[in-house]
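To start, I am sharing the structure in question, which I have written as structure tokens.
By letter and in written order, the chains are A, B, C and D; residue numbering begins at 1 in each of them.
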Amino acid sequence: MNQFVKFRREFHKFPEYGWREIRTSARIAEYLTSLGYDCLMGPDVVCTDSVQPAVRPSAQEVSEARQRAVAQGADPAFVERTKGWPGVIAELNTQKEGPITAFRFDIDCLPYDEPKTAGYRPFDEDYVSCNEGLVHACGHDVHTAVGMGIAAALMEKKDALRGRIRLIFQPAEETFYGAQSVIDKGHLDDVENFIALHVALSAENKPLPSNTVCCGCKDFLSDRQLDITFHGRAAHPCGASQEGKNALLAACSAALNLHSIAPHEEGMFRINVGELHAGVAANTIAPNALLRLEYRGETPNVAAYGAKRVFDILDGTAKAYDLTYTCLDYGDVPAGRSDDAMMEVIERAARKVPWFEKIYFEGNVGGTDDAAAMITKVQQNGGIGTYIGIGTDTTQPVHNAEFDLDEDCIDAAIQLCIHALEELHGDN
Amino acid sequence: MNQFVKFRREFHKFPEYGWREIRTSARIAEYLTSLGYDCLMGPDVVCTDSVQPAVRPSAQEVSEARQRAVAQGADPAFVERTKGWPGVIAELNTQKEGPITAFRFDIDCLPYDEPKTAGYRPFDEDYVSCNEGLVHACGHDVHTAVGMGIAAALMEKKDALRGRIRLIFQPAEETFYGAQSVIDKGHLDDVENFIALHVALSAENKPLPSNTVCCGCKDFLSDRQLDITFHGRAAHPCGASQEGKNALLAACSAALNLHSIAPHEEGMFRINVGELHAGVAANTIAPNALLRLEYRGETPNVAAYGAKRVFDILDGTAKAYDLTYTCLDYGDVPAGRSDDAMMEVIERAARKVPWFEKIYFEGNVGGTDDAAAMITKVQQNGGIGTYIGIGTDTTQPVHNAEFDLDEDCIDAAIQLCIHALEELHGDN
Amino acid sequence: MNQFVKFRREFHKFPEYGWREIRTSARIAEYLTSLGYDCLMGPDVVCTDSVQPAVRPSAQEVSEARQRAVAQGADPAFVERTKGWPGVIAELNTQKEGPITAFRFDIDCLPYDEPKTAGYRPFDEDYVSCNEGLVHACGHDVHTAVGMGIAAALMEKKDALRGRIRLIFQPAEETFYGAQSVIDKGHLDDVENFIALHVALSAENKPLPSNTVCCGCKDFLSDRQLDITFHGRAAHPCGASQEGKNALLAACSAALNLHSIAPHEEGMFRINVGELHAGVAANTIAPNALLRLEYRGETPNVAAYGAKRVFDILDGTAKAYDLTYTCLDYGDVPAGRSDDAMMEVIERAARKVPWFEKIYFEGNVGGTDDAAAMITKVQQNGGIGTYIGIGTDTTQPVHNAEFDLDEDCIDAAIQLCIHALEELHGDN
Amino acid sequence: MNQFVKFRREFHKFPEYGWREIRTSARIAEYLTSLGYDCLMGPDVVCTDSVQPAVRPSAQEVSEARQRAVAQGADPAFVERTKGWPGVIAELNTQKEGPITAFRFDIDCLPYDEPKTAGYRPFDEDYVSCNEGLVHACGHDVHTAVGMGIAAALMEKKDALRGRIRLIFQPAEETFYGAQSVIDKGHLDDVENFIALHVALSAENKPLPSNTVCCGCKDFLSDRQLDITFHGRAAHPCGASQEGKNALLAACSAALNLHSIAPHEEGMFRINVGELHAGVAANTIAPNALLRLEYRGETPNVAAYGAKRVFDILDGTAKAYDLTYTCLDYGDVPAGRSDDAMMEVIERAARKVPWFEKIYFEGNVGGTDDAAAMITKVQQNGGIGTYIGIGTDTTQPVHNAEFDLDEDCIDAAIQLCIHALEELHGDN
């Protein structure tokens, strides 16, 4: 097993949730430093003012994350350097004139329990998650390992390269404001070429299996997350039931109506009420309910339509149940598009990697990634970018707690990126 | 402020949830012992085998309850005597031949947060709940204080009484199996007269205000509580949404349909989905959902009808969403009826208490109380019983976290019971 | 088979809907006239201005009802006398001083199809409904026949009676304003005793079987019917689906939420969305939806609570779906109560009818009857009244299209009323 | 106003529903005959055995359609020739060797009421629908007029053409089996080139306005229509409500859950419950409910997923409400794709029509058209085809009852098709 597969399994075993990736950041920095990179960490990577209160961890959570990082094998010196904030940036500066290329690798996990059952490879081979309620079910463990592999390979090839190559290990992709906080710190301001990659995308309406790749995607959806709290009134369900204002039923009715929002002809619209928590006891009319939802749109018009329909339904449901609601808005991740010019670079690079037997020029995100914010930033400055889909056989779709994959994709992804860099930064 | 109002406020300040009433039990036993009673405690009061796994606290929860009891002023010696189980029984045995009468006082609280706001008397006068997420919003603090007042009064009058008078301080009325566990221990086997009382009942379709009383109720509903867990499948809401099995939407649809169950001509039917907890993240199709519900029926036919409709809806919803569910059944509390003969005893006693300006012969439970199980047990042995409603002005309906009341009802209730006992046990 | 069973079967065979009972009225008047009564008919019975536009038949419907009446055997002379309005009143005036007693018999049917299947007695014995979409599924055919039997028996006994006895054959009980229109015409103004009867009521939570009777009811519910029309916007469900305002989904959501309205502790609340008609084609987002609903309450408070909840839900649903609604209000039928004094008269009379083996003093309407408006009117003038339940075995509950019953109840009901009249009007 | 705009307005004024287009067929045939064509009509155009019972009109409906056709100005001789079946085919046979090209024009209308309000051009200019409940809200009046214009133009140019050109005026596109019945009759068996056109399609996610055209579409959705009838049980909503099986609530719950079916990553999925009709009276629990629905999928996998989800929901809802359902299946219309080769022909032709200022190579159906069945048939025999979108400004989206459009598109469409025919059949 090569080193980067080992790294992937290590990150898989010790997953960390958005804005709490202290151990992961320390381990990345420790390795990159050992390769010879100077690393930026924590508040030098992310603009901490950009992190919305809704997602910002408490002081106690940060403290616990730091303690756990050390307990799970991180070097205390690097944990100290995080100052309690995740994120790492390393740059190869060839000292020769040339373009600036940035890579984005996302490092956070998802908030589910990974099953501990025999026959499930992460369990059998001892890399199942040790952190309760947390799992790398979206491949960010792979992305992180690929980034480390690129870092290692670049050091070997640096004499043949020009310009500067920036490796951004970004926190909090799944929750919000990871990418934006890095942008707000200025790390994308001078970037001419931008590349991000993700496993388990699709092309031609089918998941990309092992030995395939797509060179870019143009269908990023915008995404907005809301926490909606209905405020009703408790009552005994027999005693004075007419005094109750049933927030649980209001939330149920809202959820069904939200999922029934009509599609939009202009592009994809998606909504998901992902969590609902309501009530205090079986024998009490529920005085409160929390709906945690997100909606996405393929264009600004579609997103605006979604917003209108969502708030009409919330307002109307509150009226129907004679109660009020409050809204915690996590903000928006924008839509975005890869550039053909960069996709062509990737296509040429992919032809040089034998593992890729089938190359799709364009694939599908089928959702949202805040890499779109970075691509857009680079494009605004005249640069180009792409979002690559690395094919890999999987045990389950992404965001399922039993998501595992064909680790051969790691080495292929590293090779692909190195070939692309050779074209972009080749010293010839 | 008399001593029993003080006791009521003390219990209000330190509420304990069903099967965890360690401090409350220790304080009751300490006081009754000081009056001269021998007290049964814990496993001598309740049959611990009768407590269903669904409601039984874990060893750690018991340990925490014991520690908190001491920290909140309980005598460690009495805490020790609980052996980790709540409940107290004290008996006045006059050593003269005569009937056996039992009183039931329930001592547990409800799982809500009590508001800490100025202008709310429990806060202003410093007896607001110190225990987060727990509150006496159903008057059991009053019932406990009344029981202690009866105990004190009886000691003064014991020479004028015949027979035996048993005071049962029962845990876990709000959750399940408190009354049944006392029955299973045999404490109702020899009882000829049974009395329980409750504040905030109603009569003629209106809540009983201060200065009123009803002598008994005949409309106890049966009650059954269920925890239903839907087991779906997580998926990314854009990626492979078709792979998801949305347990959250299933739960919402079930909740609305459950609340739409048609009434039954034979008697009252009530259903409440009191809690719903579903999902893992905004951006994930919810793989799981818990519905915590109860339903009640005025007759066995109505209850059977309810069971049929509830499980049809659960089965059908699981089919509609292509998922499965499991059911944790807390069991049943039966329906029951007061006896006219005992209600007439109470009516005569009430006429002797000047505070009661208006006496209703029959009132309404408007719900369930597991005292019905005790009444039924006594009736099966040829005895008689009643369930008295003590009128009192309240700030909110029962089961609302801001429920407070007119404490003058405490003394009136004590006097009422003593007058009834003088008739039943008078030595003339 | 006696004559009144034959009449019942004739009315069963030719049912007529509210405000269209032309044949029925003509047949009643023809028979009563043959007995020697002078009959009031149509506009002399009902105040036609009181009939709300929502339920008033069109000129064409009236014309069709008249033609059908003749085609189905009504005497054209009596059809002519209806002037297109249903209702008959006949009065026995003994010319001797004495009280005025009024009976109410309702004569309209329900809008269902009666099944034509072998084994169903009305079909096998040839009295199944000949009028498509109409059926006597609420026993009004029986009530009409009982009224005719009382008329016949009175003529035989008239010399032994004092005072005046008024027989009111009232249209439109199932729809609205039948009773009110008779009241508005003044026919209840001088009434001292009022009696109405109905088959298939209940007592002690069980349907009244053959050989039983209840002497009165006190639990009439108020009733209000509304036609709610949601006005949305059509659109192609793929093309420009976002332009649609889906009235069908709005109506579905409203119906579920309306059926989930919490009960009221003060008394029974009932709601029913009985009809829903929405949409124009499978491949079009529905631009319109009609909800036909009713709600009932045991007290004015409960009815007011219901109104508040109903309109909150309608307003909120309209907001949620960004559409409007209009409301056609059929008005209210009030609640009401029988008088003990009149119930005691009936109890004594029932003891004289051997067929009644079991006599309940009080029974249950379990719903609404606009006889309550008449009772209330009589009570306002100092009179007394009751609403009798005549027990009878049935094939199905009322309002089921296959409702048939034990016709022996007809003769028993006639005897009961004659005995009551002998007490009230006896010339001794 | 040119003749074909007049024809369009005439068809708009006398719309006819699927399988009842007798007047329309007679008028088309009368005109084409006057131009010199021999016309096939009715059973010579459509295979009557292919028409599913669910959509086949009754003998009485056919008779009424024939009578109305004559009353509304059709030549009785041509009405006679229909033999009660709609559809016309005319062919220009140049008697010179060459390809066979077929055009499809759909002629049926939609089942809505067109508003009769001043300010709405069809009303103001006297071509608003005279047939109650019927309206050309999908542009088939335009398509028919375009077909007649092509027929006229061809006659003028016939000497310069080779091969055979078949003009198919097809009934019943909106309902089902119009196209299939023509295919089943063999009229597509020898076709090498196939062209259909439609107004009000879109391109690049925007409706095509006037002066635009798209040369073909590849995103036809499959479509399946179902009539679902829930069979419950009626009961009085107060009396014996527990005996009811509420088909109305079942239908409402099903409709909400059907509209909440998750999307599919492989392609578009659309569902619409377009009609719901339930219940018999406000005061009766609804014993029956009809849901009229359709669902569409971009691929066979998506359609199969939809079928699974739809029937899971129907089965589950029936279980939840303890009732049964029956299903009337109208069958499927398939998906399909235009061919690039034919789209290129259209592109060249469009360049010759000055009215088209903007030409899109590919546009979007955004739905279903049974022309897809014809294209697929032709492709199976080695031919090519396309489905053209003719841009036109509209007052409302298609399938809205107030749909009107810019009639200048009619002449542009005729020119476009003639230019295409000159390339395909040019005699040079």
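Everything below uses one rule, namely that contacts are C-beta pairs under 8 Å (C-beta built on N, C-alpha and C of every residue); 3 or more make two chains touch, one makes a residue touch a chain.
Only a predicted model underlies this, so the values are computations on that prediction, with no experimental measurement involved.
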* Touching both subunit A and subunit D (chains) -> B, C
* Where the centre means the average of the CA atoms, what chain is farthest from subunit C? -> A
* Asked: When C-D is set beside B-C, which has more C-beta pairs in contact?
  -> C-D
* To do: Could you please state the distance in Å, as a whole number, between where the Cα atoms of subunit C are centred and where those of subunit D are centred?
  => 48
* Structure fact -> Distance in whole angstrom between the CA centres of subunit A and subunit C is 66
* Structure fact -> Between subunit B and subunit C, the Cα-mean centres are separated in Å by 45
* Contacts with two or more other chains, residues of subunit A listed in rising order -> 202, 237-241, 249, 253, 256-257, 259-260, 263, 265-266, 268, 270, 285, 366
* In the complex formed with subunit A, which residues of subunit B make contact? -> 110-112, 174, 200, 202, 207, 221, 223, 225, 233-241, 243, 248-249, 251-253, 255-256, 259, 268, 270-287, 289, 292-294, 296, 366-368, 397-401
* Asked: How about subunit A: which of its residues touch subunit C in the complex?
  -> 237-242, 244, 246, 249, 253, 256-257, 260, 262-266, 285, 305, 308-309, 312-313, 315-322
* Touching residues (chain side subunit B, partner subunit C) in the complex -> 202, 205-206, 256-257, 259-260, 263, 265-267, 270, 299, 366
